[in-house]
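The structures considered in this document are given below.
Shared chain: chain A. Partners: chain B in the first complex, chain C in the second.
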Partner chain A sequence: MASLGLGSRAAKPKLDRDAWAVRAFMLVIALYLVVALALPLTVMLSKSLSTYRFDLTAFELQIDKGEGWSVPVTLASLADALPADKRPELATNHDGRFGVVDLLPDFSFRAKTRYRLRNAADGAVYLYGSERIADREWHEYSSNEFRRVVVRPAASRGLDNYRTYFSTPSLVQSIENSAWIASVSTVLTVTLAFAFAYALARTCMPLKGLFRLVALIPILVPSLLPGIALVYLFGNQGFLKELLLGESIYGPIGIVIGSVFFTFPHAFIIIATALAISDSRLHEAAVSLKAGAWRRFWTVTVPGARYGLISAAFVVFTLVITDFGLPKVIGGQYDVLAVDIYKQVIGQQNFEMGAVVSVVLLVPAVIAFAVDRAIQRRQVAALSARAVPLEPKPDPAADWSGFALCLVVAVFIVGILAVCQFAALVKLWPYDLSPSLRNYEFDRMDGGGWEAYGNSIRMALYAAAIGTAVVFVGAYLVEKTQGFRTGRTLFQFLAMMPMAIPGMVLGLAYIFFFNDPANPLNFLYGTMAILVLSTVTHFYTVSHLTAVTALKQMDHEFESVSASLKQPVWRLFARVTVPVCLPAILDISIYLFVNAMTTVSAVVFLYAPTTKLASVAVLNMDDAGDIAPAAAMGMMIFYTNVAARLVHLALTRGLLARTQAWRRR
Partner chain B sequence: MNLRGLKSTVAASALALAALTVSAHAETTLTVYTAVEAEDLKRYAETFNADHPDIKINWVRDSTGVVTAKLLAEKNNPQADVVWGLAATSLLLLKSEGMLEPYAPKGVEKLDKKFVDKSNPPTWTGMDAWVAAVCFNTVEAGKLGLPAPTSWKDLTKPVYKGHVIMPNPNSSGTGFLDVSSWLQLFGEAEGWKYMDALHENIARYTHSGSKPCKLAGAGEIPIGISFAFRGAKEKANGAPIEVIVPSEGIGWDMEATAIIAGTSKLDAAKTLVDWTISKKANEMYNTGYAVVAYPGVAKPVPNFPDNIIEKMIDNDFEFAANNRKAILEEWQKRYDSKSEAK
Partner chain C sequence: MTSTSTPGGEAARPFLRVCNLVKAFGPFLALKDISLDVMEGEFVCFLGPSGCGKTTLLRAIAGLDLQTSGGIEQAGRDISLLPPSQRDFGIVFQSYALFPNLTVARNVAYGLESLGLKRAEIDRRVADLLELVGLPDQGAKYPSQLSGGQQQRIALARAIAMSPGLLLLDEPLSALDAKVRVHLRHEIKSLQRRIGVTTIMVTHDQEEALSMADRIVVMNHGVIEQVGTPAEIYREPATLFVADFIGAMNKLPVRVEDAEHARLGETRLQCRPHALDPGAEATLAIRPEDVVPVEGNGTGSANRFAVTISEMEFLGSFWRAWLAGPAFGAAGLEADFSVNAIRRLGLEEGKQLTVELPADRLHVFAGAGVDEDG
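So, the complex of A and B:
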């Protein structure tokens, strides 16, 4: 050890130069996170405060009732002269128009009165019909013409948008709706996932491997797809319609069933991990204390998995409340926050209100995230080094009831996909069920056709390649460098943030930030690059955590030894760190690929005509009523992800055999 | 002559040839925003390119509301060169923002005056009229025992409860033209009263204007308030649909063309707009639209109801454009807040 210490002292100047390079690198990646995350969110927040008001002081009016022109008065003074209940509402949005005759109680378009109007301030604009008048001259109108004059609002700042939001019942209702469906879905999913994971971990039932595989399928499809399947199953022409007893699938029921489908694997993975770390010695102790099975379940099993259960609950809650695709497809008239953002932005182009709803949606997402992080930190401490893994013993009753449960869940998951594939292959549901490939002629529909599918694959590959590099280098710098504490803490914080930011919110923030002609990064707007950027950023946190976990397993001595051997950091990184962490690197890239293929929320505001994506095509085709082609495209995404998974599996196996030989003794 | 010499000669002439072809096909790409149905875009571009192979069209298509909103959002940083096939009510909005380049296309005097903007020079020119209609699924109606409606008022009868679907006017141009036509047909107070009654029967409101008809075609909801063109298409695709023209009269809007002010490709944009009002273009529009801007061109369209022209109301586009926000807000207040699932 003494020689090592000596070595590191001798290498000090070298280390310093390295340290600077490392800091520069860290700065670059931190800068990435600032530009891709912090700045856009700030701009969005400021946008939610940008309002439009009619500035009536900016217009002057003269009236001639046959006795010559009156003294010019501002419209504001006319408004003040009105009784309090007749005064106009001045807060409006960018599309606001205000008819000037509303300020004149005795106005009649048949009267011989003449009117003169002028803009009394720069930037004031009014319309005559649809003619835009922005100069400062007087313009004269007859009564009949004057009723066509409307003034336009001016931009200002304030809390008006929030006031409007909270006084619009249809918008506020969505908060309750979102919270309700997210809570119900959370309870259902966590219960089901726990039962499923419990059956896999604690019984000796057959086909465990298959069930584990099936449980993960929903990760490979966009969240819209279960919505489409539910239309075919329970819609008015659905073959299981009777099961709903007259209730409509369009609304909370549909959203909840679909949410259970797409959040199931997330909950299952977390709970399965929690159950796997359970300590067999506790169960033996409970048995020897003569605790019954039921009692053991409640006093040992559930408390042992409590962190996993809580964590799964928050993850599911966040996923449901921020999901947009599913309620868009199956939500009917049941409005939720994420769809409200879309409606405000895409339907009415009311960006300011979209920003307000985004801020509202951020609140539960950030709270859920913060609680989840706090709990996960505790779970690490709950692990004991002396724990003995639990080995289930055969018990026919438990085994077969577990099997039955898993079978039901598996049939549900596979059934959803089978329905979509079937619907995609028939000619005209439900009138002509002959097989046809017509639904695959994507070029005849909205959404971008086969080109969108190609774009998606390209985008997913870029996201996987670039994202993995950025994430892994970033994680390495945070984990393996010495000193520069504040910088590393700040970086860690930035890396965790994306988890709490809903995709829709991130996308909207990107419009505000990148679509500003004054922004030097404006050239990114409407390109493939911005899609990759938003996708990588949206899925940054989980990738980062995967990389950090892998890096934590590597001893810090590597760095010391390499320094003592006077090797530059990059050589150690390329020759040792990357090869050792290769499994994790592959995991990150497949995670990014699959999510880039399926995400809608992170990209729905950002795609351009040349960069349409398959997931967005599913949404747009469903929107136009081309539901079967939407199902067909959704299934194409599924098959692509399955293929990517298989490639990933082959690569992992092959590379492990070649590079990870050291792991074998 | 050695091989190297030959090679360089060949290379040089190939280069020259390449340069020649490039200059001959000095392609201009126009970004064209449109709300024309996706399946027609290819045909439109191909017909246009038969006359002008040097101008490539880069379509940006979405529903009317979305395209309008997109254009408004890009007011200070316009991405579009030309708008080809967007509702005239939307173009009036853009005009009031000063976003359209005034231009009188060659031959504009030949068009029906109704189809040309009143300003001189005009800022937009119409292509075809796009008419509201009701898609009625005869098979499902038979199963449910629903009589065929003949008027808008019929649709408020209790027998149709939950069997009618219409587009949300906040996102769909078709939805907005329905709402604005009811307000014009029945008067403001009566119009809202009508919609209150209709709302009781509506299963839900869709985002796009063609979806109600497609859902009617698929039997999901037997009656879809949509537009005639979509109904005719669905019928041609084999859906058991009747296209019904309500007796009170039907709302309509025209699809129109305009140049976006500030385009850097003004010459190409003018060439395109000149072409969009030509007789040939109007014949092309006639494939799906029974009423087109060029007089004497229109031929009857298969599966279209024949009385459609006389049923078109005398539409006040300016009323629709200047009251758009107020109408939409009122609509949202009345019907969007009732978000209980049906």
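So, the complex of A and C:
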């Protein structure tokens, strides 16, 4: 048998065209994730470690007051000669400029004095006007010219930025503030969402479908919209202001109420799922063992939903601590981490400190993400046991108290939107309540006008189309191809990462990465493309998981059968995989569309004058005091998302009827 | 045990040759140096408990999971390293793997459609194939509208649509209920005979293997224990594992005396010739149906024992009896008695009788227990 010559050589497969195509596609999508995620974050991390300092020993100066050139002296020795209180602050940021004349107490630009300056060390740079001088030669200037000479800082690496951050009380206070509002919001939201989901799952109250629908509304609006409504209700001119007993809505109260609003649907979905899989046989067993309702609740219901509760808590905590829009609108003087990033970057142009705050914000987000993933894995295990779903039995007391609770929550949610819509349609709340469309004349306001609204829709459509394609193909490659194991593991890791990255952090990382003139991708900066890129990346993980779940439900031998029939992979993909997964594909696209319409955090750093977005316009109009137009724009986003959802529903129904006849038996 | 017996004789060249195949998953060896020949038109079953490597071997032959080392040759062509799409086989899986969104006809036509055939030609071929698997009028339905057995037949039609040289069946009947399984067993076998395609089927069901295969490859722990016709495998198991895995088997600890004798307790038994050393501990094996009830009282002659029936179980066409006797220890001896024999001898629980263990049905295997097999 050995004569066959097939002996014991190590096997290495020959690759057919398919295998090459699959590898090429995987490379492209992995490259996408590296460029859109890994590299920007790496650059940001390195920025947070970059410190800038004027190194005055690296410059030498000669002065000629008409008596010939003096002996060269370093700028450092000039600084040392100054009185202690006049000495310059040498720590700065990457954009720092230091006027040399500040070291010369008797400088006058009218004097006939002449100056010579040279870089005395490699890497030292100074500017004359906008001319960058990096050589080691002497350059001569008149005193009128010399006042335009500034030296640039030298870069070094270290933890100095972090030291500065943690020794600045006003910055460190934000950590506590963020943790506090996130914790309080988490407790409130999870409690409320649990009660709401419990009432829907375990009572026979009326209007369940309607309540379920209302609970999901906040997903369709930007997180800062409840902030605007709260300003109208409880702000300085709010008609419910007295309810706060003298407390101001601008601050933790407002942030917490608004956070409960916008995180409610997320918690509700998770907890409702957890309650739905609870096993009725456990309840029957408990009843047969004579356990009372209270005991059953604590020994069967709550333990059954515990993974859902923990998961919901982490999701809400992460959403609140990373949210930017709401605290920006209603936070007042109450600083939180996400807003600090914005202030450092946009307000003070201190990018390094922005990067430091980003890293600080990354810590709780990453921890929450890791814990949540670990828990979800256990939840899956709990799910695999075949459970008999629980059918609630009528019980008037429970049914009506459940109804009352759901009604309160529904009124809260609908009320917030109603206030915004009402305020948008009147002349001047609360003084002149006559109807008017003036607040819809966005072109007269700061923020981008109707063009911003159009941009948002375009951006959302692009994100939905491109994002869905990238995500689904990526998930297919990870899930359904063989070999290339390290690559797939890395890909999977990259695909899960965006969930842990706050939008503000992603946006800032994009500035660092794409705004660098040395980056060949620099041309993307300030375009619609970078907005789409950041949005798709920001919402990649949930989309990826949706796609993976759908793909996992498909028979894993389809690829083998197709290969045995000598069919290329793309044919199977187009004729079987995509048609069968169409519902999931539509779900991913609507998810990306809705989030692209409402997101503020990542794009707030990245929009350009020609690519302003509706959600950012809400923020900017509110900032400029045009609160009613901001509310009007926010409601436009809401209606657009409702319309998109309806289109999605019609499409799903229509396509299912046409292409998925096989689902009917 | 890797020798092969080829019914076609030495002259015929095997259609499929597997040479020294090794498959490692990390430190674990799923296939340990497997060599095997399959002749053209043969129906071969890979039989073994789960985890024995039979599916791994099948997937290596298909190119779905590449072997770590070793070679495979099909129809004179070295296919060891080819991707599945460049090999020549059709495959049927336990899960059917029918495309749910395509009709039955489109499923069967899936491979044909890219051959550049005319539509009418494809339709005719699909109709023929559906006829062949006995589902001529089901082409317009979707897979989910068919029963499991029907779906499996469609999967079979799809697998043979391209007239492959090799048909691979990966536990094709395991997901079906018992009655359908027996029926489909017969259908697949007769279909295979009609079209004459060389077929390899993986199964853990010995009955399936015995009833369908021309030859059975019994595997365990990544090695081939025995290759042979169903009758050979059943009547002349080569190892204790095969003896124990196929059918029921009594196992009795013995000590070898010489090439044809072993000692069971106090009794010296004549048995089939073997090559074990005298004095070695061994296992004596006999099938329950080979235990012969003897009329009258003849314990004196060789291989006979006086026993008591401790329990009986009616199994339809025969009775299974548990026989207690001093030689058989706590486990006792299982014997299958025909309904006739029961009636003739008036056997019932508690009754004493004499049984004979025929020497040519007494296998002797090395080792003291089934756990020490190769």
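General remarks:
The rule is simple: the second predicted complex is superposed on the first by the 550 of 665 C-alpha atoms of A that agree within 3 Å, B and C clash if a C-alpha of one lies under 4 Å from a C-alpha of the other, contacts with A are read in each partner's own complex, and residues count from 1 in each chain.
Definition applied: a residue touches a chain if its C-beta (ideal position, glycine included) is under 8 Å from a C-beta of that chain, and two chains touch if they have at least 3 such contacts.
This is a predicted model, so every value here is computed, not measured.
Note on chain A: of its two partners chain C and chain B, the one contacting more of its residues is B.
With both structures placed on the common chain, the touch criterion links A:Q237 to chain B but leaves chain C unconnected. By the touch criterion defined above, A:S436 reaches neither chain B nor chain C. Legend: residue contacts after superposition of the two complexes on their common chain; A:S143 is shown touching neither chain B nor chain C. Of all residues in chain C, only 17, 19-20, 22, 35, 62-73, 78, 80-87, 89-91, 93, 95-97, 99-102, 110-111, 114, 142-145, 158-159, 161-162, 164, 168 touch chain A in the complex they form.
Interface of chain A with chain B (complex): residues 92-97, 99, 127, 129-132, 134, 148, 150, 152, 168-170, 173-174, 177, 231, 235-237, 247-248, 250-253, 332-335, 343, 346-349, 351, 427-432, 443-447, 515, 517, 522, 526, 608-610, 620, 623-627. Of all residues in chain B, those touching chain A in their complex are 31, 38-39, 42, 58-63, 65-66, 68-70, 72-74, 76-77, 79, 92-93, 95-98, 119, 139, 168, 170-171, 203-208, 210-215, 218-221, 237-240, 318, 321-326, 328, 332-333, 336-342.
On the chain A side of its complex with chain C, the touching residues are 1-2, 4-16, 18-19, 482, 555, 557-558, 560-568, 571, 575-576, 579-580, 659-663, 665.
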